[in-house]
Amino acid sequence: MFGQRFATRINSFASDAAGYWPGLAGKPSLAQMIRRAATVPGLSELDLNYPDHASGNPAEVAALVADCGLALNGLAMRYYTNPAFKRGAFTNPDAAVRREAIDLTRHGIDAARAMGAPMMTLWLGQDGYDYAFQCDYARLWADEIAGIAEVAAHDPDCLVSIEYKPNEPRAYSLLKDAATTLIAIDEVGAANLGVTLDFAHSLYADEQPACAAAMIQRRSRLLGLHLNDGYAKRDDGLMVGAVHPQATLELLHEVHRGGYDGAIYFDTFPDASGLDPVAECAANIRTVRQMLQAVDALDRDNRLAEAQARQDPVAALQIAGAALTGQRTGD
Amino acid sequence: MFGQRFATRINSFASDAAGYWPGLAGKPSLAQMIRRAATVPGLSELDLNYPDHASGNPAEVAALVADCGLALNGLAMRYYTNPAFKRGAFTNPDAAVRREAIDLTRHGIDAARAMGAPMMTLWLGQDGYDYAFQCDYARLWADEIAGIAEVAAHDPDCLVSIEYKPNEPRAYSLLKDAATTLIAIDEVGAANLGVTLDFAHSLYADEQPACAAAMIQRRSRLLGLHLNDGYAKRDDGLMVGAVHPQATLELLHEVHRGGYDGAIYFDTFPDASGLDPVAECAANIRTVRQMLQAVDALDRDNRLAEAQARQDPVAALQIAGAALTGQRTGD
Amino acid sequence: MFGQRFATRINSFASDAAGYWPGLAGKPSLAQMIRRAATVPGLSELDLNYPDHASGNPAEVAALVADCGLALNGLAMRYYTNPAFKRGAFTNPDAAVRREAIDLTRHGIDAARAMGAPMMTLWLGQDGYDYAFQCDYARLWADEIAGIAEVAAHDPDCLVSIEYKPNEPRAYSLLKDAATTLIAIDEVGAANLGVTLDFAHSLYADEQPACAAAMIQRRSRLLGLHLNDGYAKRDDGLMVGAVHPQATLELLHEVHRGGYDGAIYFDTFPDASGLDPVAECAANIRTVRQMLQAVDALDRDNRLAEAQARQDPVAALQIAGAALTGQRTGD
Amino acid sequence: MFGQRFATRINSFASDAAGYWPGLAGKPSLAQMIRRAATVPGLSELDLNYPDHASGNPAEVAALVADCGLALNGLAMRYYTNPAFKRGAFTNPDAAVRREAIDLTRHGIDAARAMGAPMMTLWLGQDGYDYAFQCDYARLWADEIAGIAEVAAHDPDCLVSIEYKPNEPRAYSLLKDAATTLIAIDEVGAANLGVTLDFAHSLYADEQPACAAAMIQRRSRLLGLHLNDGYAKRDDGLMVGAVHPQATLELLHEVHRGGYDGAIYFDTFPDASGLDPVAECAANIRTVRQMLQAVDALDRDNRLAEAQARQDPVAALQIAGAALTGQRTGD
C-alpha cells in the first residue's frame, strides 16, 4: 500500500501559465489546473485548499477531480479570507475572529466529508507572534488548544492533522516543531488528531526528519507526509531528494517501519521559479519510487539494523547508499 | 527572593590566568578560581562540575566554597572521564558504558547531597547522533528515558534538572529543545525532575526564551536559569543583555510570574576571548539588577497586560522599554 | 543633516485597511496610502516602487507626494510585471527577458529623474538559483554585471544603489551579502553605483551590520539605509530596535562616522500582522531619534574609542548602554 | 592529476586511541598517528599543524611522514601557543602579540619550505569579535591586511592560502566567507596568496560551495579543497557526501573545470564521536572516487551544459544523478 498513492499541491500547476495556455488572460481556473495535474504520470491524488478551492459546491469539485482520473487526498485550511486572520486564527486577540476561524474550519471539515476525503490538514501559520512582550503565552496556548479541540470534536470521523512549521508568516509559529505539536495533541486528547510532517519544515525546525517522524509515530499518528527539499533555513519547496537524499530515504524508511500507509504528497513550489510543474512532479515520483525500492532492499537485509545497534554511521551510510544505487556491498 | 541569588560558571575564572596570577605555571587550581570568583561584588553562589571539581572529597570542596563566603547552587554532570562517552552517555551503544554513565551520575548526586546542594544539572550533550541512518531512534529514546529514570530515582530528595541544547558536541542532541525535554520528563514521571533553561541554547533552538519558559513552567518545573547571550546560531556565551535585552527582560518577567525563585546563573565564556571574568560577571549582575527593577515596574502597572490582551507590540515594547530605562511613558 | 530625513515603505499603509477606511472595497489606492503615511509625525519622505507606483505619469505621482508635505527619497525596482522574471531579471536564461528587465530598469531611472528623486534602488531578488547544477555560475555572474553596468551607464546623474539579500524569492540570491555586492560594484566600475544596507537582510546574511557598513563605506558608497529588525533567520520586518538595539545603535554610529547623510528608511512590515502602520512608523522614528542622541553622546566622549582600542566589550557596551539610556557612567 | 592526491587531518587518528593502542597511557604521539593514517588505502598525503606538529625539527617530521609512504601537502597555522591569541592573532589589540603571531607564521612558512611542502594554510579564526561596539572595524581590517601582507611577502615561493570560516572560536570571524576573503586578497595584492574552501564552512556561511568556488577561481586561486559535510549550521566535520551529495559533486565538477589540481583534503572529525578514523577516511576516498567518475561522465556529455543554459534544474539534476549512479538517462 505504502508508496502507491502520490498526491501534490494543486497551485503548482499555475506555473508558467502563459506558456501552457497560450492566450490565457489572468490565472488559470481550478479546473484547468486539475486537468494539467492529471497529465503527470503516476499522480493519483490531490489536496485542495479550503475555502479557496472548495467553498462553493464541494461535490462538484470532487466530481471535477474524479473526472480527471484523480482522487482527493484531503483538504487543507487556509486562513486568508478575513484580513484580521493575519493577527491569528485560533489565537486571534479578538474572540469574534477566533470564532470565525473555528467556524470556517468546521465548514471545511464538512466539505471534506462531502467530498469523500475525510482528512483536514491544519497549518496554523497565523497563530504565533512577532515580538517579545507581544502576548501572554499561556493565553495564546490555551486559545490554540481550545480551537483545535473544538474542530477535532466537530466530526470524529474526519481526521484532523496538524502541519507544523517554525515561522512564516509569523516570526514565531506557536506550533513550530514536532515536539510542541505533540504536546498540543496530548493536551487536546482527541482520537482523530494526528500530525503532518513536511520535510522542509522539519529541516528548518532543526530536526532530523526521520527522528521527528519516529517521535510522532510513537506518541501520536502520522497522518500526512509532505516531501520536498531545501537548505534548512526556510521553506524552499525544492524537488524531493535534490539536496538531502539520505535524510529523505531515512524518513521514508522510518515512516514505513512505523506503519504509515497514507499518500506521499509533494509540497514543492515549481511555480515560484517558473518550472514546468508536470516535469517537476514526474521527477519527484521517479525519485520516490527509486527510494522506495531502496527501502524494500533495506528491509530484506539485517545489516542496517546491526550497524545501527553499534551506532556505526560508516557502515550504515554505505548500506543505505548501496540500496539507493541498487548495488551490493560486500562488507 | 527572586533576584537575590547570583551564581556563575567557575571555569570562567581561569581567564587571563597569566595576567591575574603572575608566575603561575599551567592552569589555576579550583581553589584559586573560587577565591577569584569570590571577589565579584554581589556574587553569592557557584555551580561546580562533577566529577571535575568535586570527585575527591565533596565536603572539603564545599568548605572551600563556604570559606570564601559563597554558597553552592548545585552540581552539573560532565561526561568526559571515559573517551567512550563521546559516543553517548545514557544512549551509548555499549551497555557497559551506559551503566558507567548512570553510576557516575548517581555518585554525582551523592556528592551534591554531601555538599548540601541537592540539585544536579544534567546536560546530556553526548546523547544524540551525527548522521542519518546512524541509529534506531526508538532505541536511543528508550535508553535516554531509562537512564534519566534511574538517576532521578536514585535520590528523590535531590532535584535533577535537564539542560537542553540543540547540538554540540553531537550534530543533533536528543534533548534538543524545551518541548522535547518536556516529553521526556513526562515519560519518566519523577517528581524531582525539572528543566534548566539556558538563554543562548534557547535562542539557537529557535525558541523565544520566554515562550519556552512559559511552557516549562506550565508542564513541569523550571529548576535552573542560565543567562548569557548570543547570535542565535551557536552557544556564544556572551554577556547578559549584550545582544537581546528585550528577550532577556521578557524571560525574567515570565519566570518571575511563573514563580521561579532559584539562582540566576551566568553561563558565559569570558575565558574564550580572554576577558577579565570579574568585570564581566559584575557587569552581568549589574545588568540583571536593572532588569529586575524593570520587572517590578511592569508588575505594578496593568498596561502591559492590557497591551498583551490586544497583542499590541507597539504599546507593549514601549512599556517594556520605558521600564528598562526607568522612564515614564505618558500614552 | 544625518537623522533629519525619515522615509518609509509605502505599502505598509495598506495595513488594516478595513479599519482605517470603513467601507473600502478592496485595496487602498496609492493616493490613499500616501495620505495616510503623511499623518506620521516626523516622516519626511517616501520610496515608491517602479513600475507599481510610478509607471503612468511620474510627475503626477510626485505631485501627489508633495501635496501631502512629503518628499520622494527614490524609487525601487520590482520585477513582477512579467511572470518570466521569476526565473531571473538580469540573469534570466532568455536574452529577451534580460533585455526587458534592463529596459524596464532604464525606464524606472527615467521616472526617478522625472520625479526629482534621482536614486534607483535595485533589489535583484530574482537573480539567483535554487538548485545545485541549475546554472553556470560564471554565466550568471557575467549577465548580472552586464545588466548592472548598462543600467548604471543609462544616466550617470542618477544614483543606482544595490540592496543585497541572502535569499527569497530564490533559495540563493546572487548578490547575497555586502562583500559579494562590493565585488560586483568593483567589476562594474561605475561612479554612480553604491549599496543599500537593510538591517534585517544583513542580520540573516550572518553579518554584524556595522561591520558590513564599514566595509561598504570603505570600498564603495552607502546610498541607502533600511532599518528594521528580526531574528537573523529571515526578513522579519520588525520595528527598529525591537530585537537588536545595540547592533542598531552601532550601525547608526558607524554610518554617521563614515559620512552617511541620506534618509533613514523603515523597511518594516506592519501590514504582515495587521498593525497600525502610523503608530508603528511613529515608534520607529522615536526609537531612532533616541539612538541618534546616543550617537551624539558617544561622539562627544573618547572613552568608547579607548575601549575599542583595547577591544574591551565590557567597557564598550557599558558606555554605549549608558548613552542609550541617557545616563552617565562613572567608571 | 586531479583526484589522484588525497590528504587528511592528522588529529583524526587519535580517535578511539585506547581501542587501537591497547595499553596506551594518554594521547598517541604524532608518529603513532602518522603510522595509523598510513594504513588508509589510497591516502597519499597529510597536512600538519604548525607549531603543534612541526616546531622542533621540521626535516625530521618530514622524514617520518615519508617513511610511512606519505607526502606532505602543507602546513596549517594554529594560534594556540600564547593564550593572548584568544583576543586575536594579526588583529590583537596588543602590537606585541600581533608581532608574535606574524613571526610565528613566518617561522611556520620556513618550516613548510624546510619540509619540502611550500604551502601554508592560514585559518585566522581568532581574528574577529564577539560583541557590538567591541572594536573599530577599520582598524581590525587594516591590521588583518597588514599581517597577511607581511607573511605573504616573507617567502614568495611559499603559497599562502586563507581558509575562511564564519565563526568559532569568535562569534564573528573577520574573514568569514569567500567574498570577504577575496576582498582581503585583492587588497594585499600578493601573487602567492589564494583561498582554501572548506565545504562545511562554506555551507554554514550560507554559500552554495560550487558558486563560492567559481568566484574564488575567477578572482584569485583555489589553493586548498577541504571536503567534509554537515548541516549548514556549524562545522560538523561529517563524512564526505553524507548529507549533501549533489552539492559535493557540483563542487568537484566546478573546481575541476576551473583547473584545480591540488590535493583533496578531508577535514572531518571522526575523533569527535569516537569513530574508526581509518574506516572513515577510506569511506571518504571511496565516495570521492565515485564522484570523480561522475565528473568525468558529465564532462563527456554536453547535456548538462545545455540544461544549465536553460537554467533547468529538473533536467540538470537528473543528468547529475544518473552520472553519480553510473546509469544512462534516456531523455
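Per-chain residue numbering starts at 1, and chain names A, B, C and D are given in the order in which the chains are listed.
Rule of thumb we're sticking to: a residue touches a chain if its C-beta (ideal position, glycine included) is under 8 Å from a C-beta of that chain, and two chains touch if they have at least 3 such contacts.
Note that this is a predicted model, so its numbers are computed, not measured.
In terms of the distance between Cα centroids, chain B is separated most widely from C.
Distance between chain A and chain B, defined via averaged C-alpha coordinates, is recorded as 36 Å.
Annotation for chain D: residues touching 2 or more other chains are 87, 130-132, 172, 206, 231, 233, 239, 242-243, 246-247, 312-313, 317.
Taken as a graph of touching chains, this assembly is complete, with every chain in contact with every other. Across the interface of their complex, chain A is touched by residues 16-18, 83-84, 86-87, 130-132, 167-172, 230-231, 233-234, 236, 238-239, 242-243, 271-274 of chain C.
By the touch criterion stated above, chain D contacts chain A in their complex at residues 206, 231-233, 239, 242-247, 275-276, 279-280, 283, 312-314, 317-318, 324-326. The part of chain B that touches chain A in the complex is made up of residues 87-88, 93, 129-139, 141, 166-167, 172, 176-177, 179-180, 182-183, 186, 205-206, 208, 210-211, 214-215, 218-219, 246-247, 249-250, 254, 304-305, 307-313, 316-317, 319-320.
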